[in-house]
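After this come two complexes, each holding chain A, first together with chain B and then together with chain C.
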Partner chain A sequence: MTTMATPTQSTPDAQMPQYNPKSESMGAKRVKSTLFHIVALALTAVVLYPALWMVASSFKPNSEIGGTNTSLWSSNFSMDNFVTAMDGIGGVSTLQFFTNSLILAVGAVVGTVLSASVSAYAFARIKFPGRSVFFGMMIATLLLPFHVVIIPQYIIFNQLGLVDTYVPLLIGKFLAADAFFVFLMVQFMRNLPAELDEAARIDGAGHVRIFTSIMLPLMKPALISTSIFSFIWSWNDFLGPLLYLNTPDKYPLPLALRLFVDQTQSSDYGAMIAMSVLALLPVLIFFLIFQRYIVEGVSTQGLKG
Partner chain B sequence: MINRRHFITTVAVGTASAAALAACGTGSSSSGETGSAEKPVTINYTWWGNDDRAERTRKAIALFESKNADIKVNGNFTDFAGYWQKRATEAAGGGLPDVMQWDLSYLRDYGQRNQLLDLSTVKINTDAFEKSLLPSGQIKGKTFGIPTSTNAFAVYYDPAKLASLGITEPDGSWTYKEFNEFLVSVGSKSNGALFGSTDYTGVWWMFNVWLRQNNIEAFTSEGKLGFSKDDLKKWWNLTADLRGTPAIISEERVTQLAPKSPFGSNVTATEVTWDNFMAGYLGDSGAKELKLVPVPSDDKDNLGLFLKPSMLMVASAKTKYKDAAARFIDFMVNDPEVGQIFKTSRGVPASKTQRDGTTFEGTDKVVVDYETSIAQYLKDAPEPPIVGFGTLETSFKRVASDLNYGKLDINGAADAWFKEAEDLIKQNA
Partner chain C sequence: MTQSPTLSRRSATSASSLPRKSRQRGVDARAGYSFLLPWLLGFIVLTLGPMVSSLYLSFTNYNLFDPPKWIGLDNYATMFQDERFMQSVGVTVGYVVFGTPLKLAAALAVAMLLNSARMGQGFYRSAFYAPSLIGASVSIAIVWKAMFGDSGPVDQGLSFFGINLGGWVGNPTMTMPMFILLTVWQFGAPMVIFLAGLKQIPADLYEAASMDGAGPVRKFFNITWPMLSPVVFFNLLMETIHAFQIFSSAYIISNGEGGPAGSTLFYTLYLYLRGFSDFRMGYASAMAWLLLIVVGIITLIIFRTSKSWVHYSGDAK
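Coming up: the complex of A and B.
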């Protein structure tokens, strides 16, 4: 849209890309910088408002959340919601829900990283009969919606007596059933120079040695993005745990959160929001620590070999 | 979400019917495996609900186990929406829990597909139940559900709000004209600060009550619609003059307030709904006191009211422990001490034994007193709703809200809903 503007009718918007430092004074620069920051802050406020609302509401009494209460501020701020949230539900402590979520998430990360990297190595570096067929089949599973397989899967796990254990939720991760991650790593590995493993082979290294000593260290960005995504997906997964877990002792956080809102009785929005804030913290911390690698991982995937 | 859920249900239902076919011919009349004090059997019981219900149920289970040393009960719970997703999958996979808390709108669906145990084949005492209530758990002569508790339709109002506007409290003997005038006076005396009510013609069950007042059944015994398009138009015309005035809150405002109700947000003075929503409204609005009066009717002797099971107890058709399941259900619906634990949090106890053994105070008493006060007007509870009833109820609400938005006129709205309803009934026939 800026390309259409002629110099005589240029808008401030249109001037930005044609910025010429020589022709401008320090004052004009400062105004521009200030304007830029105001606009940026305003946009940030809009984007972050839901999060802000959540944090503010977590300190409000239940009757002041939603409905006619549109203000973020309340004169009745208290920690009560957090106390209720930490009390747990139906005799199960909130710490237990956190632990369960953590077991599932860490299990998912470990399983996915181990299985997906090994499978990816096979697809990217080993020539075996039917490789492209198997690769195609794996990609095909990406196109298969989860909901198609729910019931057959449930029947299998039910017959095996594995319902109400973590096995149905984790076994797929250890068997590289997440085709997305395998595909991601295959693409990453294909971009690594083949000369590296050829050199290792000349030195007498087998597949195991090449994989552990050459490939794994080079794949760090891919491994990290895989870990991050599988952690977050597992942390937020609702349907899987809902179907496969029966005992409240084994519930992860997303299931527990829903128990605070019951339309058929009274809903404790305050406690639910407080618990949402708490549930968000691990993901947030995880993100802050690995933020650098996320950007690195994603940008590396885009590079050509 | 809706598509996903619908899809699961469809798949579940398909697989379930296959499973049901396969199960034919293996019928047995034994009471199933039984346990002893040394070697108790474990039955699974599942319910939906919040922390409060989980706590109360835990107490009830502990009491049951202390009285029945040969049975252990393993209790599980989820939220309402997740509950039905999980049941659909389990039904398809043959893994339904032994005993379940149940909702009336799902009874026919699972009952017709032979997923639920016919409770008339086991020993459950129903002597203390109102005879008018039991048919709501029965389909074609089989008893699939026993009501734990009842609810009835009522008009809620906040006496403090009416007093501040100088409006006298209603006594509940009113015609639709009088009710409308009441709503208008709330809107005009508060200068629009307080609306009279939400549009009550958008509430399916209120429509159902009105049909009964006019001696029309909502559904025929063949599962078809029992009323005509003209009936529906007449119903929606009742508030035609009120829409867009302060007597009735606008749809825009209702949407802004969601997920809270306008009444719970202190924006309306009255609300027409089930009497067991009391605790939720009190919690949401922070009001000191809310009162209940009967719904309007143009026929003083026929208020169209009925008791509906607010929830039922059912058992899985595949349970290995029929006897234990029956004893647990009997205990949950009849035992006075269980009534004392739950009070009215499940609704008003349906069994007289349980109701008489429970002391009701405060809010609980308001609800129980209301149901006692309307006893003389009560008619038979409706049969379990047709399959897909939930969808019908939702579309009724949606079409009525389009009417309020002014997107549809009354003729268009009636046409739109009838088309959806007839398609759905044909689909599920």
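Coming up: the complex of A and C.
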């Protein structure tokens, strides 16, 4: 760190006319920038290749997926795979799987937004005995491997007769069990000026009023990030449905996909990949629309993908 | 006006306007717990309770149907004679030890590349982030399996260069590289966080270093690395903890069996198989607690050692 100690004091009288941040010539700059784009574009191609391969394959006949024809393009592109994929599996249509996924994801969003915002308000804005202890515990659950609780949870839900219902998958969302979202909202609310609550309190507003008419409207960005991520996480969740759902007509898409893999056993790669594309479609659409929110959310809150 | 005796007693020391203050405290305490209720309930019912009972179950033999039978430390003892268990530990440790640093190195390298960009940064950032959003999904696991399978594009591409490995999916020595590539492919999430960290480093530090004649390597080790170390710390912690818990991709790619030859038998997959297909729930609970302890120790190590390599600009020097 010694190299950085000097600059602030040394500059005034010392002569260093040769230092000029704009000394690079325009030509050198252009070469540099072109080089950057070549490298970055090549990397983009590599990174996006699996996705492109997936989309291309979903339109190809089975005989052209894999094998010596490695080009992404094919003159035999058709919708056949999607037609097969839409038929579904195990007597259940893919539309039904979509609906199931949607019910679970919307339930997750509603539950998480409600429970996490209310709980975060308590952590961020109310002083009460035990708050810091609970806050510490909440942070600890962020690091807790999920597997430590799945067995007893399963036993409980099994005894309550709730296996093969959506209750075990949704109840945690309504009880703010995804601590990440509580944490995100606490951080957000702590950055809102305290004068807001004080002024409202002098005007005679209670916590319910302060929460609903002052905090919630100001928390919109945090609420949007939470909604987007809880939707996508629920949409992609595999372990939860795998544990709790037994009947195919209740399956969300990831489980349906597994069923598809099990039953077709690589005989119909095309349809399998088409169904994978369909399952990812909402996530990709979300990403295209909310790109800013998603990437900003990750960079400021460290949210995982 | 005193409403709750305990609270007013505690506030008695704090001088004037006593009744009002203590009333506000009573209101706050009640409001605090009411607002906290959803989380508190979830914490007790879904986290704390299950943690305690899985600790208890880990000392029992339990198959979900007969009542649990206390067997002391037997589950923990048998684990170390269980070949499949040891294999799952090996697979998971290999994955964490190689996958996580590679992923973070890729993330940091690309973040530094992008940080120098004047144009198009937003586009590249989004494009590189996309895999992190979908990487853990079943769809991508299926695609990965197809791409790395016999005569898939990876096999084809490599044989073009004269490397004939065949499909990676069925080859026990190649499954680990395949999973490591899958996690490295998702370098976007830590990259975005690194990029945000790089933007916080004041540009005049670099200018001053240039004036002192420091080259890019010196600048990296004397400016970038120390200034970025809190972010490195965060990413390392989160990525390590996540890596231990890889499940869906392993399940899908190996058809829920962990093959070939146990080479994809990740810890959580074995835990799942023991608990939910063999119904050895006591054993699975013991595995879960061991995982918790190991992850806890690693977290502690990362925290402890961080004092020597994480630099917070707040604490002078």
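Note that the second predicted complex is superposed on the first by the 238 of 305 C-alpha atoms of A that agree within 3 Å, B and C clash if a C-alpha of one lies under 4 Å from a C-alpha of the other, contacts with A are read in each partner's own complex, and residues count from 1 in each chain.
To be clear about the criterion, contacts are C-beta pairs under 8 Å (C-beta built on N, C-alpha and C of every residue); 3 or more make two chains touch, one makes a residue touch a chain.
Computed from a predicted structure; not experimentally measured.
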Which of chain B and chain C A:Leu239 touches, first, second, both or neither: both
Partner touching more residues of chain A, whether chain B or chain C: C
Which superposed partner A:Val109 touches (first chain B, second chain C, both, neither): neither
Contacts of A:Ala274 with chain B and chain C, given as first, second, both or neither: neither
Contacts of A:Ile151 with chain B and chain C, given as first, second, both or neither: both
Touching partner for A:Val163 - first (chain B), second (chain C), both, neither: first
First (chain B), second (chain C), both or neither touched by A:Pro248: first
First (chain B), second (chain C), both or neither touched by A:Val261: both
Contact residues of chain A, present in both the chain B and the chain C interface: 66-68, 147-148, 150-151, 154-155, 158, 238-239, 242-243, 258, 261-262, 266, 269
In the complex, chain A residues that touch chain B: 62-63, 66-68, 89-91, 147-148, 150-151, 154-155, 158, 163, 238-239, 242-243, 246-248, 255, 258-269
Chain C partner contacts - residues on chain A that touch it in the complex: 1, 3-4, 6-7, 16, 19, 21, 33, 36-37, 39-40, 43-44, 47-48, 50-51, 53-54, 57, 65-68, 70, 114-116, 118-119, 121-123, 126-129, 131, 134, 137-138, 141, 143-156, 158, 171-172, 174-177, 182, 206-207, 211, 232, 236, 238-239, 242-243, 253-254, 257-258, 261-262, 266, 269, 272-273, 276-277, 279-280, 283-284, 287, 291, 294-295, 298-300, 302-305
Of chain C, residues touching chain A in the complex: 25, 27-29, 31-43, 45-47, 49-51, 53-54, 57, 64, 110, 113-114, 116-120, 124-140, 142-144, 146-147, 149-153, 156-157, 185-186, 188-189, 192-193, 195-196, 204-205, 207-212, 214, 218, 222-223, 226, 234, 237-238, 241-242, 244-245, 247-248, 251-252, 255, 268, 271-272, 275-276, 281, 284-285, 287-289, 291-292, 295, 299, 317
Complex contact set, residues of chain B against chain A: 4, 7-8, 11-12, 15, 44, 46, 48-55, 57-58, 74, 76-82, 85-86, 89-90, 92-95, 97, 257-260, 264-267, 279-280, 282-286, 345
